[in-house]
Amino acid sequence: MKILYFAFLRQRTGLGEETVEAPADVHDVASLVEWLKTRGPGYAEALRDTSAVRVAVNQEFADLHTPVAANDEIAFFPPVTGG
Amino acid sequence: MAVRVQREDFDVGAEIAVLTAGRTDIGGVATFLGLVRDIAGGDEVKAMTLEHYPGMTEKMLAEIEAEARERWPLDECLIIHRYGRLEPGDRIVLVVTASAHRQAALDSCAFLIDWLKTTAAFWKLEETGQGEHWVEARESDDEAAARWDESPTKAAG
Amino acid sequence: MAVRVQREDFDVGAEIAVLTAGRTDIGGVATFLGLVRDIAGGDEVKAMTLEHYPGMTEKMLAEIEAEARERWPLDECLIIHRYGRLEPGDRIVLVVTASAHRQAALDSCAFLIDWLKTTAAFWKLEETGQGEHWVEARESDDEAAARWDESPTKAAG
Amino acid sequence: MKILYFAFLRQRTGLGEETVEAPADVHDVASLVEWLKTRGPGYAEALRDTSAVRVAVNQEFADLHTPVAANDEIAFFPPVTGG
């Protein structure tokens, strides 16, 4: 799956975009977040407070319960501030 | 009907001219041009970098434009939003709405800019004398956008 | 701050550029551009001739501009209104308001154009397929202007 | 005094502007209107229905009771239609 990071999440993870092969038990946003946090201190820091993070799955707003699959595009970002 | 998210600057007069060229059915064109201010929350702003989500940002803009066209009888509608690093005085956003009736043009323009300023998928990194920081969502903006959850003002002429 | 009543056409982009040149304190510029429509009250309009009262028309425009500046925190304000013979598609009126805050710019622009469209000292002679006639004052326009007798919306950011 | 006519009043009187020496008993808008109506059928027609006519004295809206004097500028016009 393709993972995107914006704003402070991009800065903390150190990358804007990556393609990952998640373990089989990653089936929703919550389990994806838990797995991503194990990938390094930048990820753990970026995703520590999920109340400050918004998520979109395939460019639609989603939440922790939204299912994710291999070909999905999942984006993490702070609440939008508008233009 | 168009939505553009671009790094480049835009020309307000040229954009209006294109929308209205040869048209004799448009009575009013409402425009909102947003500029970068040198002050935000009391701090001097040296520059601002706008980040967006390519694909999703445009999709959301197209959806809100479609909603505006549904709520008001618009002949034309244009939204341009820039991203990247901008300095005080730079143009950042343009909304143009055109209708036979001025109230429809005015109301839809205000609706769109309220939405853009609160709900559009952008994130802002401000450079101030105190360093860089990400701007957080603001309450007063959310209130302005919430006004539009009511039914629109009737076109008055 | 300027009011102009003129026969000549105007350039929207150039007017906005002049108002905002070198300014870093303006956050929003609201603009309303009025065009001559080819339809009025169901009749096809071939042309329209605007007559004004030189001196008094400008004086009234200056007064309403001063009122807008009193009601909203405006950095800049411009009103241009044409007179003489105009054809469908021609530019007829321009209102530009600039403020640190978008709501002040939007509200004052709507206030001014409502006033201009109802209360400004102009008279219109329409040329239709049925000949020429003087346009009479319209009720719905008066209602739109009357809304502004209430207190203004607070600036929301 | 200087008299101005706009829109249909200009068309009916046949002139946009004139300078007149009104008789001594012309002291307000009402008496001015009565005197102007005696000056010809165009004037009588233009000023016949004063409910359809608005007046300004020295570029301020006025009414039939507003005083007028020798150096005033008095304008007659229909209700404004806006721009």
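Observations
Lettered A, B, C and D in written order, each chain numbered from 1.
Going forward, a residue touches a chain if its C-beta (ideal position, glycine included) is under 8 Å from a C-beta of that chain, and two chains touch if they have at least 3 such contacts.
The structure displayed is predicted, hence computed values, not measured ones.
In this assembly, the C-alpha centroid of subunit C lies 28 Å from the C-alpha centroid of subunit D.
Separation between the centroids of subunit A and subunit D, computed from CA atoms only, is 76 Å. Averaged C-alpha coordinates put the centre of subunit B at 49 Å from the centre of subunit D.
Within subunit A, not a single residue touches two or more of the remaining chains.
For subunit C, residues that reach two or more other chains under the stated contact definition are 34, 117, 138, 141. Taken together, the touching pairs link the chains end to end in a line with two free ends. Contacting chain pairs (ordered by label): A-B, B-C, C-D. Contact residues of subunit D toward subunit C in the complex are 4, 6-8, 10, 56, 59, 75, 77-83. Of all the residues in subunit C, the ones that touch subunit B in their complex are 11-14, 16-17, 20, 22-39, 88-89, 100, 102-103, 105-106, 109-110, 113, 117, 138, 140-141, 143-144, 156-157.
Residue ranges on subunit C touching subunit D, taken from their complex, read 34, 50-51, 53, 55-56, 59, 81, 92-93, 116-125, 134-138, 141.
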